[in-house]
Structure formats: structure tokens, C-alpha cells
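In the two complexes that follow, chain A is the common piece, with chain B as its partner first and chain C second.
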Partner chain A sequence: MREKLRKALNSDLFYSYKNNKLVILASIVLLLIVFSSVFAAFIAPHDPYNLASVSLMDSMRPPSWMEGGVGKFVFGSDLQGRGVLSTILYGTRISIMVGLAAVALGGTVGVTLGMISGYFGGKVDSVIMRMADVQLSFPTTMIAITVMAFWGRGILKLIIVIGLATWVTYARTARGSTLSLKNSEFIEAAKLIGVSKTKIIMRHVLPNILTPIIVIATVQIAQVIMLEATLSFLGMGVPLTEPSLGLMISDGYKRLLSGSWWLVIFPGAVLVMIVLSINVIGDWLRDTLNPKLK
Partner chain B sequence: MLEYIGKRIWQTLIVLFLVSIIVFVMVNVNGDPVQSLLPPDAEPWAVEELRTSLGLDKPLYVQYFMFVKNALQGDMGISYYQQTPALNLVLDRLPKTVELALAAILISIIIAIPAGAYAAVKPESPFSKFIMFGSLAGISLPTFLSGILLILIFAVTFSWLPSSGRGDAAQFLGMKSSLFTLDGWKHIIMPAATLGLYMVAMLIRLVRAGMMEVLKQDYISFAKAKGMPGRIIYIRHALKNTMIPVITVIGLQLGRLIGFSMITETIFAWPGMGKLILDSINRLDRPVIMSYILVVAVIFAFINLTVDLLYYFFDPRIELN
Partner chain C sequence: MSLLKVDNLKKYFAVSSGFLARLRKKESYVHAVNGVSFDIKKGETLSLVGESGCGKSTIGRTVLGLYEPTAGDIYYDGRRVNDMSEKEKFKLKEKMQMIFQDPYSSLNPRQKVKEIISEPIRTHNIVSNEEMDDYILKLLDKVGIDESYLNRYPHQFSGGQRQRIGIARSLAVEPEFIVADEPISALDVSIQAQILNLMMDLQEEFHLTYLFIAHDLSVVKHISDRVAIMYLGKVFEIGDKKEIFDHPVHPYTEALFVSIPKLTEKTKENFVSLEGDVPDPIYLPSGCYFHSRCKYASNICREVEPELKEIDGRQVACHLYD
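On to the complex of A and B.
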């Protein structure tokens, strides 16, 4: 255990991390946001979806440091009297959950199909890659909007639609890496001693193509969180009964001309901070782990 | 060459065929338009009559063949909501969306190419670092949020620019566009900047990466050794040679911008086809939705085909297979 820790601290990756102030800052910001949203129930001033703690008397309060603001609502409150800070904390939890789940789904489907495509080649390969071509001829956002529009709101639906709308990126990378690996000697050796195809793919191909996949998945988490917020903003994502950054911004947008800027600025800032920190970390991972991708 | 063009066109047709099936199935398994067209207490015979007149009583595959046969003749059905041919509705809005996309591309080229080139030539300068961080921030800002922020700053706080709609249009060289009037520019600048932001960020990275690659080449060192002034080396020799991938990406992004215009048009109430489609989705107006998706599919297929062919034209070293 101690040996492992010492090795990790001496690695190139950690050395490069130590010397990159922006990445350190990004990871601290990200950790803070993730931590406070996971423990939202303990940190949030009140539960915005518990009717007992919400009062219409508190509707549309500006942030606490402004005239008319109260200490209970640091970032102000919305029309229903829900505190903006509390709703952000609960909403971020859903955003992060949807982000991780959709990336896990899209990544699993994409990497599996990509490895199959690259390893077996032939007809299987052309069918899978044709499917990818068809999907790539439309932007992911447009596919997700259209499907969600027909299917209706829902968190599970969001995860499925976003996950399946993003499999192509992983599949292409996995296929490319598998192709370049397929004829290497250790795979030949495994074949010769009679290791089954499934086992070769899972035990020998997968671990060796993981680096570029991890880089893509990191950046994809940010993309997916943005997509979730966009869909919720358009009224096609998280249902109205659940907290969501996109829904909050959509609410604020409707009252924009009345000057209640806090309904947009705070959830927007949190959304951008999440996405930006993930992108900074993703960029750094790409440059450090895989200089060829640069 | 001819064989390649033929093959690509054939592939494009297959893609369009698949898209038409997917769209048809998706539109038809969800929601019953009859329910949204008639009041809830409508008589059963009225429901039946409407169903027959819309052709909804026939089996699904018959409906699909009718749909394809009519679509090939430019007939995508009548909009349930507006009672006019659906395809015309979409095509009427198309120029406004293209206008917005072109303005977005123009803005992003003006900003991104000099910024990207500068960041490549002087990678260590603080301004370059600022540019690169700015491009990362641009990629991290969702379209809907940047649009709202622009409205909040320029329309709500300072009241400099109108927050919605399309301004006066003027006729020029036989084209009617709001790009030819000052009022038109006032209306288009915010939506176009919103739509183009992602592209600015992406182009900066692309130009910088391409330019850094070129600057390592021998002919650049040679030009430097010869004593050629920096400006000429960078602009005439380096930048010019990074333009091929940049042009390709701009071409491909035109399609993406048309797709993304849904969000921008909704925020700025821009009367293009993106706003039309979101409104139609909410009204379950099937003919309009199908027309939109097929029009966009055709545009995308055409753009992809053109870019592929242009690519070969610019760089004949590319293998055709």
C-alpha cells in the first residue's frame, strides 16, 4: 500500500500535476462542487422540494447582500420561494449523476462495439461503422433534442438518450486502437496458446486501449453535463418536479427582462465552473498521457 | 475519380434512406396527432373522419410508402397546425437560418484566425495564454447560457441591442437579407455571436495546432535564414498552408450551426427553421417535423459530400477508398 502510494507520487503524471497550477485549481473547484452537491442534504439551507420548508412569502428575494435580501437566501430565491443556493446544490447532484451515468453507458456500448469492429473486421466492422457514419452525419445535440422531444422528460430517459447519442466517439477510438494492436506479438501469442476471443478482447485488448478512452471520457462528462442542461432548458430533460441547473436557467430566462439576474447568473456560473474544470483537467490528461493526440 | 464520386453519392442515398425510415418510425410511434387536433369531447365519428383524411387508418408500411412517394414529389403533407404545405413552411424559414449561420461563420473567422495564428507564433506570451484559456472557456459555455448572458448585458443592462426578432431586410443583388441594413445587423449580431462562440473557440485551437505544425517545417527555417521579415513568413507561408483543414472544418461546421440554431433561435426569437421545429415538436405537427429533419438531412449529406470532394480536389495525395 505504502509502496504503491510512493510510486504514484513519483510518477510522471503526478509530477506534471504538481507543476500545473491551473489543473490544481480546477480539481479543487471540481472537488468542492462535487462534495457539496453529494452532501446537499446537510449543507443546503433548506430542501427546495420539501413543501414544508418553502413559503410563497419568500418569493423572488434578491441575494442577501442586496436591498430586500434576507440571510436565509444567500443567492436569492425564485418565484416559488425556493432558495437559489439550495436548488443549485440539489440540481448539481442530478447533473453530475446524469453525466457519469450517460458516459458510463455510452462508453461501454461504444468501446465494446469499437473493439468488436476492430478485432473481427469484415462484415461486422462495416455494419458497425456504417451505423456510426449515419449517426455522425447529425450533430449529437440535434439527435438528443429530437428523440427527447418525442419520448418526453425523465432522468432515466435522459441517461439512455444521451448515452446512446454519444457512443460513436468511443467506438471510433476503440476501433482504431484495436486495429493497431491486433497484430502485435502478445496477441498472436495469446491466440496460439488457445485463449478465447472474448478473453483476448477483455484481458489483452481492453487494458491496452484504455488511455485514450479515459481522456475522451473525461471530456465527454463535461459535454454530457452541458447537453443535459441544454435539454432541460428547452423543457425536454429533467422533469419539472426535480431540481436542475438547466431548468433554473430556463426559469430565470423567462423573467430576464424584469431584472432578476440572480436566477440566471448563479446556476449558470456553477454550470460553467463544472464544465470548465472538467475541460481543463481533460486537456491536461490528454497532453500528459497521450502526447500523440495533441 | 468518377467511380469514387459515384460511390459517395450511393452512400449518401443509403444514409438518406435510413434517416427517412428512422424519422418515420420515430414520428409515428409517439403521440396521436388526432387527439391534439380535436377537442377532448369530440364525437367518435369526427375522430374517425379526421384519421381517414390524414391517412392514419392504413398500416404503417403503407403509410411509409405513401410518405416516400409524396416526399420525392416535394409533397410532405399539410401542416396540421397552419394548414399550409409543410415543406414550404420549412423552406420559407431556411434562408433566415442560413443567414444567421453565415453571420456566425463570418464573426468566428474574423476573430479566430488572427487569434489562433498569434497564439501559435508567440506561444509563451501572456496574451496567447489568455487566448487559449478564452477558447477553453468558450467551449465550456453552453449555447443557451451565452445567449442569455449577452441579452442580460447588452439588452437588459445597457439597452444597446434588441433582444429578439429579425430587423429590417433590404434587397441587394436580388437577395433579400437583413445583412444589408444597420437595423438588421443590430438584430443579428447577438444571435450570430452566440451561435459562433463554440466555433470561435474550436477554430482558434485548430489554427494554432496547424500553424505550429507548419512552423516546424524546413521551408520556414529557410525563409527565416534568408532574412525574410516575420510578417511575410507567418502570413504568406505559414497561415496559407494551414488553411486547408480550416476550410474543411468551417464547411462541416455549417451543418452543425444549422442544427444548433434551434437553441439560439429560440432564445432570440429568430424566425428561422430551428424555432419552427421546436414549436412544431410541442404541437406534435408531424409533417413539419418530418420535413425539417429531411431537409436538414439532405443539407448535411450534401455538405459532407461536397467537403469530401473538395478535400480531394485540394489535396490529390488523399487516397480514395
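On to the complex of A and C.
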């Protein structure tokens, strides 16, 4: 364990991390947001999903430092009397959960199909890649909107739809990397030993194509969180009772002109911070893990 | 009795052609191997020699089943490989292995030495899991890798060490026959002799039979019992090493041997290099494939393809000796 830690601290990746202030900042911001949303139940002033803790008497309070604000609602409250800060903490948890789960789903499907496509080639390859081309000719957002419009709101549905709407990116990368790998001598050696195709793909192909996949997945988390926010904003994402950041922004936006700016600005700022810091980290990972740039 | 017999082996690779050519059903092929026959006796080393692109590696890979032959037969221990069931073919992988050219791409960079070597052992159940560690250590000892390196990754080794690990992997299934595809050409000169000697020691210890693929003639002279000279996917001359090296008969062999650098003789004066390039393997020349570059070429060479014939204790394919 200690040996592993020492190795990690000596690695090129950590060296480059140490010397990049922007990435350090981004990771601290991201870590803080993730941490506070995971432990929302302990940090948030009240539970916005628990109707018993909500009172209509507290509706539309401005932030606590303004006139009419109360200490209980640091960032103000919404029409139902839910504290904006509490809702942000709970909502971020949903956004991040959807982001991670959808990327995991899309990544698994995409990488599997991509590796199969690249390794076997021929007709299998043509079928899978034509499917990808067809899907790519429709914007991801449009596919997601169409399916969600028919299927209705729901977190699990959202994860499945977003996951399956984004598999193409992973599939293409996985296919390309597999193609350049499949003629290497160590794959030939495995074939000569008689290792089964499944084992060759799992043991010899997958570990060697992971680097670009990890980079893509990182950037995709940010994009998926954005997509989730977009869908929720359009009223096709999470259920009304469990608002995510997108739904909060959509709710608040309707009241923006009546002066209740706090309903939009705070969740919007958190969304921007999440997406921005993930993108910064993703870009840095891409640059450092790419051997061609070294 | 020969361990491996190759009979009139052909291997063509389809060149991916454009849409229009495919419509007109005009597919072109790279003719990598054009009817090669040879056999290898148990315990001997046959070297395939020739310029790059003459089909040596293709033969090696086809013999091992990595490529499907276009035509021709391969017999192992008297049995036709194509007649074997999948199960028998799997069993055959225990007997035939390969040593690769590039030690940098022949080991999976994400696997430790232990995992690399245990894969063939597990796949073929050579030893039980309890005996695995002992078995791997013994193998590593045979190829000269220290046992403390068991948990290292390939990038922590030098080219020579990697090649030794690759050899240990091939030996793990206790093979009889090994195709060595230019096993030392990617290594430093100082390491080449070590690996070559290691291969010869292992051959003696395990009674291995080698199909040795090389273009370096001095290496071939060191390791082979018999030599086959190849050009454009054909064998031009095949026979005992001593016979062929002492007096080459085929004009191409002759030209090839003149190109060996020597320290003693004044080779520069009577050095005749070959004119021109190897013909395109997509559009094969008529007659003898070598006629465009041969200084003895006559009309018959341009029209009739020569057959392999017994001359001076070796087989030669040349019209000069008709």
C-alpha cells in the first residue's frame, strides 16, 4: 500500500498535476462540490424532498444578507419554500449521479461494441459502425428529447436514455485503438497460445485502449451533466419532486424578471463550476496521457 | 521422418480495391507466397533467407495457422493440419510456437512478467496452480531472467531481456517446433549473439526444431543445418548449409552472398551489386521471377518457370542447369 502511494507520488502524472495550478484549483472546486453533495443530508440546512420540513410561509425569501432574508435560507428560498442552498446540494447529487451512471452505461456499451467492431472487422464492423453513423447524424440532444418525451420523466430513464445516446463516441475511439492494436505481436502471441477471443479482448485489448477512453469519459461527464440539465430545463428530465440543477434553473428562470434572481444565479453558478472544472481536468488528462505530446 | 512438411504452399492477400474495381470484379492480390515446398526433420534448423517482402514471415505465420493458406498443404508429424478438428488444432498449439521479431511489441505492456508467462500455462493446463510459481521460475532461470523480476512490467526491461521473456513464454507449453521470425534483428549487436546462443542451447536441451527466418546471412550460417533461399515468394535454392555457403549455385544466391561484408578479402573490386528492384508482388513477372535482374537471363527464363531440381546435393530452381 505504502509502496503504491510512493509510486503514485513519483509518477509523471502527479508531477504534471503538481505544476498545474489551474488543474489543482479545478480539482479542489470539484472535490468540494462532490463532497458536499454526497453528504448533503448532513450539510444541508433542511431536506427539500421532505415535505414536512417545507413551509409555504417561507416561500420566495431572498438571500439571508438582503432585506427580508432569514438565516435559515442562506441563498434564499423558492416558491414552495425550499431553501435554494439545500436544493442545490441535493440537486447536484442527482446531476452528478446521472452524469456518472450515464457515462458508465454509455462507456460500457460503446467500448464493448467498439472493441468487437474493431477486432472482428468485416460485416460485424460494418453493421455496428453504420448504426453509429445513423445515430451520429441526429444530434444527441434531439434523440434524448424525443425518447424522453414519449417515455416520461424519471432518473433511471434519464440515465438509460443519455447513456445510450452517447455510446457512439466511445465506440469510435475504442474501434480505432483496437484496429491499431490487433495486429501487434503480443495479440498474435496470444492467438498462437490458443487464448479465446473473449479473453484476448478482455485481457489484451481492453487494458491497452483504456487511456483515451478515460480521457473521453472525463469530458463526457461534464457534457452529460449539461445534457441532463438541458432535458430537465425543458421539462423532460428528473421528476418535479426531486429537482436537479437543470430543473431549478428552469423553475427560477420563469421568475427571473420578477426580481427573484437567486433562484437562477446560484444553481447556474454551481453548474458552470462543475462543468468547467471537469473540462479543465479532462483537457489536462488528455494532454498528459497522450504520448504524442510528450 | 520429417516433423513438418509444407507442400506447394500459396498465400495471397487481397488488396482492398476501389468501388469501381469491385463492381467490375477485378480484385488484385499481393502474391506473398507462390508455391513453396520444404520439410524439416526433427531437431534440425531450417533457415528461410531472403530480402524483406519475399514472403518469409508469411510462410512462418501460415505454418502456425495465423493465416489461412490460399492453396497447398501443411503436414505436422505426418498429419494434414487442415484435416484436424478444432480440438486437435488447439492441441497442436502446444507443439508449435513462435519467437517474435520485435521484443517491444511482442509483450503486452499492461501485463507483469508473471502474467505473461502464466497465460500459456493456464490455457493449456500444463501444471496445476500450486506448481505454477515453481514452473515459471524454472522457465525464467532457463532463459536467464532473475526471479526477482517476476512482478515487473515489460517497459522495465531492455530489448534483450524482453526477448528472453518472449522466449520463456514460447517455451512454457513445452513445444517441439518453433518458428523464429527474425528473433534477433531488432536487438543491439552486442545482444544478438547472446540470444542466438541461448536459442541454440535451448534447442539442445529441449530437442527443439527451428524454422528460422532471417535476412542476416552470417547469423544464418551460425545457427542453421539447412538453408532455403527465397525470392518473391519462391524457393530458389534449398539444401545443406555447408553446401550452399561453400558454393552457391543459383545466380541470386551468388549475388546475395557477395553482399556479405568481409574483413579479409578485398571485396570492393569484384563486388557486383544487383541491378534494379524486386518486381511488384501484385503483378508477378512471367517465367523465372528473377529474370529481370539476372545477368545470365536468356529467353527461356523470360517464358518458362523453372522447377526445383537436384543439383550438387541441393535443390535449385534455375534454367542454367537444365
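Note that in this section the second predicted complex is superposed on the first by the 290 of 294 C-alpha atoms of A that agree within 3 Å, B and C clash if a C-alpha of one lies under 4 Å from a C-alpha of the other, contacts with A are read in each partner's own complex, and residues count from 1 in each chain.
By our rule, a contact is a pair of C-beta atoms (placed from the backbone, for glycine too) under 8 Å apart; a residue touches a chain by one contact, two chains touch by 3 or more.
Worth saying up front: this structure is predicted, and the values here are computed from it rather than measured.
Room for both chain B and chain C is found when the two structures are superposed via chain A, with no clash between them.
Of the two partner chains placed around the shared chain by superposition, neither chain B nor chain C is touched by A:33. Working from the superposition on chain A, the chain A vertex angle toward chain B and chain C, CA centres, sits at 90° in steps of 10. Contacts of A:208 after superposition: chain C is touched, whereas chain B is not reached. In the superposition on chain A, contact is made by A:189 with chain C only, not with chain B. The partner that reaches more residues of chain A, of the two candidates chain B and chain C, is B. Minimum Cα separation between chain B and chain C in the superposed model: 7 Å. Within the complex formed with chain B, the chain A residues making contact are 22, 130, 133-134, 137-139, 141-142, 145-147, 149-151, 222, 226, 229-230, 233-234, 246, 249, 252-253, 256-257, 259, 261, 264-265, 268, 271-272, 275-276, 279-280, 283, 294.
Considering their complex, residues 184-186, 188-195, 203-204, 207-208 of chain A touch chain C. Here chain B touches chain A in the complex through residues 11, 14-15, 18-19, 26-27, 30-31, 133, 136-137, 139-145, 148-149, 151-152, 156, 163, 209, 255-256, 259-260, 262-263, 266-267, 278, 281, 293, 296-297, 300-301, 304, going by the rule given at the top. Chain contact summary for the complex, chain C toward chain A: residues 61, 64-66, 90, 93, 96-98, 100-102, 105-111, 119-120, 123-124, 166, 169, 173.
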